[in-house]
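Both of the next two complexes hold chain A, though its partner changes from chain B to chain C.
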Partner chain A sequence: MHTAIQVENLTRVFNQRGKAPFHALRGVSFDVSYGEIFGLLGPNGAGKTTTIKIMSTLLLPTSGSVAVAGFDVEKDYARVRPLISLISGGETSGYGILTVEEQLWMFSQFYGMETPVARSRIEEYLKVVGMWDSRRQQMNRLSTGMRQKVNLVRGLVTDPKVLFLDEPTLGVDVEASVIIRSIVRDWVQGKPERSVILTTHYMAEADELCSRVAIINHGLILANAAPSQLKQDLDSRAHYEITVDRLDGEQLGLITAFMGEGNDLVLGADKVTNSPMLVAHLMHESDIARLIAALAGQGATLEYMRKLEPTLEDAFLKMVGRRFEDEEAVSPVS
Partner chain B sequence: MKGFLASMYVGLQIESNWTKKWVWLLYLAAYPIGSFLAVIILYGVFGQKTGLLPYALYGTIFYYSLSMVFFDMAFSVHDDREHYQTLKYIFLSSTSYRTYLCGRAATRYLIALAGIAINLCWLVPVLHLPFHPNWAYLIAGAVLGYLVAAGLGLAMASVFLLTIKLDVDVVDALFGGMFVLSGALFPPTAFPAVFARIAELVPMSPFIELMRRAVSGQILTSFLSDLSTFQLLNRVALSAAVLFALGSVLVAFGSRKAQQKGYIDVTTAF
Partner chain C sequence: MKKQFLLFLRTLNARAYVRIFGQMREATWVVASVLGGFFTMATYIYLYRTLGTGSEFSGLVVLGGFMTPFFLNVLWGVATQLYWEKEMGNLELMLVSPAPLSAFLVGLSVGGAMHTMLRSLAVLFFGIAVFKVEFTVLHLPLALLVFLVTLFSMYGLGIVFSSLFLYHGRDAWRTADLVMEPTNVLSGSYFPARFLGVGLLGIAALIPTTLGLDALRQLLVPSFTAKVLDWRWESLILIGLGLVFAFIASWALRSVEYKARRDARLTLRWQ
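What follows is the complex of A and B.
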């Protein structure tokens, strides 16, 4: 069994009093293999959290099916639950009156773990997240970032097969985010029968962590591929930004003619130095050598050059027609 | 079992971890006084001649113990969902939600019983209450009484699972009404026969009467006096079995419906 999760034609409709029903999911399908960190990427209200709630047995679907580790989440939820963990970001969950250690031990008991095993794992993971020294602190005295680290440890202590991370770095500082991402990456590599499903609206986070991402918007999956593939599909041309000491419009025309059809060159000015800056969209990566030679032929000296890599944000823009943050501003919150 | 014990532990920490140990012990002893002080004034001062003080006092304190279970179960849903935001994590664990609720409420019940025991130490000699405990009936009654209250509490929890806003008034009205009807405060036989018949049907009535007899060693009024103590115990056992089974079914139903509606992790910041 290589498939950790199989989602088929999933729909979810929320009936709202006095309003038209809200279709949070409109036929979502994908699967996740063991050993994979799979990202669900989309703005608020896109359907990410609804999908993760159904996969983790918190919510029932309107139609369609989800199997986790081969078990149907609707019918066999009691067999699914011991195999999964959910960690949500942007919340302050936990019994404030318990210490970090007590809180983690308590949840381990809810999973029927033997206390010595639980204690040893709690120690291991608290040390990994750098919170061993805070183990006797009450939960209500922790910062948001610290609470989120405890939340992460709670999810890992039970050694689940599938870890659901719903916006795990939401509202936490940069340092805590880096630690959380690093732990998740190491954790999934720790055993072959582990997988992670991550929802995030931080494109860079998905790009860094995920072996595959699905871009979801308005309850529909728009794309499902490796981040590198999504970016490659966006535009197969190579893009460069080149700053030179001098270049005018006439020279640019000559160089454009020399480079041939399909290679676009746009001349502007560097915002800092005000030197001429060329943005080149080249058919082949190897064309850069010809371009540099042409620039030299026109007497221009290279000051600075960098390759422009497309981002997942660009992929989202191409698929949705709007930038990510613009889409968030108009999306309903589910 | 681990889940049940862990839930008991959470219940204990929530109840006790807010202050120093000695302050909490003081609180433990003082808290039940509020439930029976009015009874002492009513029957010990103004209605001394009625001779109903032992009946009403024992009735009230044991009703109080049940109310702790009932209220704890009902309010845990909102507490965990809104305040601690842990309800979804408990739901997703291997421990059933019913087990969790029962564990938390068990602690509350034991705390209430401890408070009662502490207070009986001074109430019995000061108020000259009849006190000839039958420990077997007392322990069996306490266990069965917990199941009676847990059954009702689970039923109420199922309602709260499907309610986004916390409606304290409904719980208060329900339990207040049952307090009057169960004969905890006065013997229903003093009223028209129909009232006594209704009182006999209230699930708490046999438990309260059983506990009165188990503590005092006497039949204090004619209410349920046609039943022997053993018969009363059987009736409490039957109530416990029926109510606990019903509560279990309802909480399972409520959980499923809440899962359908998306209410398991809903927060309203009420």
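What follows is the complex of A and C.
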């Protein structure tokens, strides 16, 4: 079997006292294969966390079905639970009074692991995240980054088939984020029957880690494809930023006419050097050669040039209509 | 089946570990709770001595001082615990794990009882040493048995309440605060429960401490005569209560988990 998760026509309605029912999910369908890191992207209240909570057996769907490793999360939840782990960003789970290794051992026992096996895996993963020397520190004395590394180890020690990562690098410094991403990637590649479901606010993180992402908004999946595909679908034109030593409006008009219809040129100024800067949106990649020749024909010398690649955030913005940072929480389980 | 049993035991052991060893690290709290129990006990002993009552009253107060920490542990350490686990973010992880909720609760009951035992023994020791209270050891094995039966029933009640607390959240928390003193009075910690009268005793008998303490006083305080029922009957009632609580707790935990998943209550803090 190659499908780690199968979500079909999933809906979830929250009844709120004195308010209209909130439709968190309105018919969501997707599947995740083993070996995949699958991203769920969406603004607050889009339905990401609700989806994760249903997949991880914490919440019942209103309708539709979810199967994890072939087991229905509603009826066979007891068979799903040994196969999954959930790690949330900024979580303060566990007991501050315990040491790092005591805390990890305690959670391993909740999965019925034999103590020697658990201790061996704890050692292995604490060394991977660079926290073996901190194993005897009490949890309440750890920094946010260290705490999140411990949470990651907690999720991995039980060797789940499906790992749910809900904003795993939230509030974590750059160095710890890099380590966490690297470990997640290596972990998935470590065995064929492993997969990760990731929700994140960091587009670059999703772009770097995920083989596929689903963009979700208002409880609906708007797109489900590889990040590269989503970016490609965004715009087929080639975009360049070119700084030259001199170029005026009249020369720009001549070059625009020379380039022909469909090629847009916008003249501005470089923020650092104040030199003329041309932003070119070209129909074809090959048109860049003609543009450089046209600039040279006008006596402009090239100072700097770079290709502008569309980002996953651009794709998100186009589909959702707003950036993550523009959001406000609207869902009861965001 | 064996795998499930081992999972239950391992979860129980791990959760009990936190209670026994984790809380030992909070030395100031341990000392404060022992001193608090001792001073409450001392107040009642001095009160009885001032009133010129018999020496058996000092004995029943010391036994009350010994049992009270268990009652407080049941109320604040078991009944409210699932609610606190939810607030700390642990409950989600407990539920996502394959371990049953009952294993966590039995674990924290066992751990809580063992941890409380140390504090209670300290209170008992100081009571005996400072106030020269005498107990008979003739029936010590029977007293131990009655004590264990009382704990079984008390912690069973705590597990029943934990489901209610989880589902009703802060409302239940406030209720616990509200009922703590009345139930403390009804359990007759520092006076013979018989003086409550038949009507109140009917209610008080549902609190396992009431009959448990009365039975222990009969077995350990030689001159204690103000019993409610014979200790044998009280022990049987406690066993019955414990079994009923265990049955209700098992049903309530399953029911509350289902309702919580249905209503999203496990996923929302501050509810």
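In this text, the second predicted complex is superposed on the first by the 326 of 334 C-alpha atoms of A that agree within 3 Å, B and C clash if a C-alpha of one lies under 4 Å from a C-alpha of the other, contacts with A are read in each partner's own complex, and residues count from 1 in each chain.
As a working rule, a contact is a pair of C-beta atoms (placed from the backbone, for glycine too) under 8 Å apart; a residue touches a chain by one contact, two chains touch by 3 or more.
These numbers come from a predicted model, not from an experiment.
Three-chain overlay on chain A, with chain B and chain C in a clash. Residue contacts after overlaying the shared chain place A:14 against chain B and chain C alike. In the superposed model, A:86 makes contact with both chain B and chain C. Once the two complexes are laid over each other on the shared chain, residue contacts for A:71 go to neither chain B nor chain C. By the touch criterion stated above, A:56 is placed in contact with chain B and with chain C alike. After overlaying the two complexes on the shared chain, residue contacts for A:106 are found with chain B and with chain C alike.
Chain A uses residues 14, 53, 56-60, 81-82, 84-86, 88, 91-95, 97-98, 102, 105-107, 109-113 to touch chain B in one structure and chain C in the other. By the touch criterion stated above, chain A contacts chain B in their complex at residues 14, 53, 56-60, 81-82, 84-86, 88, 91-98, 102, 105-107, 109-113, 154. Residues of chain A touching chain C in their complex: 14, 53, 56-60, 78, 81-82, 84-86, 88, 91-95, 97-98, 102, 105-107, 109-113, 138, 332-333.
For chain B in complex with chain A, the touching residues are 2-3, 5-6, 9-10, 13-14, 17-18, 84-86, 88-95, 100, 259-260, 262, 264-265.
If you check the complex, the residues on chain C that touch chain A are 3, 6-7, 10-11, 13-15, 17-18, 21-23, 25-26, 88-90, 92-99, 261-262, 264, 266-268.
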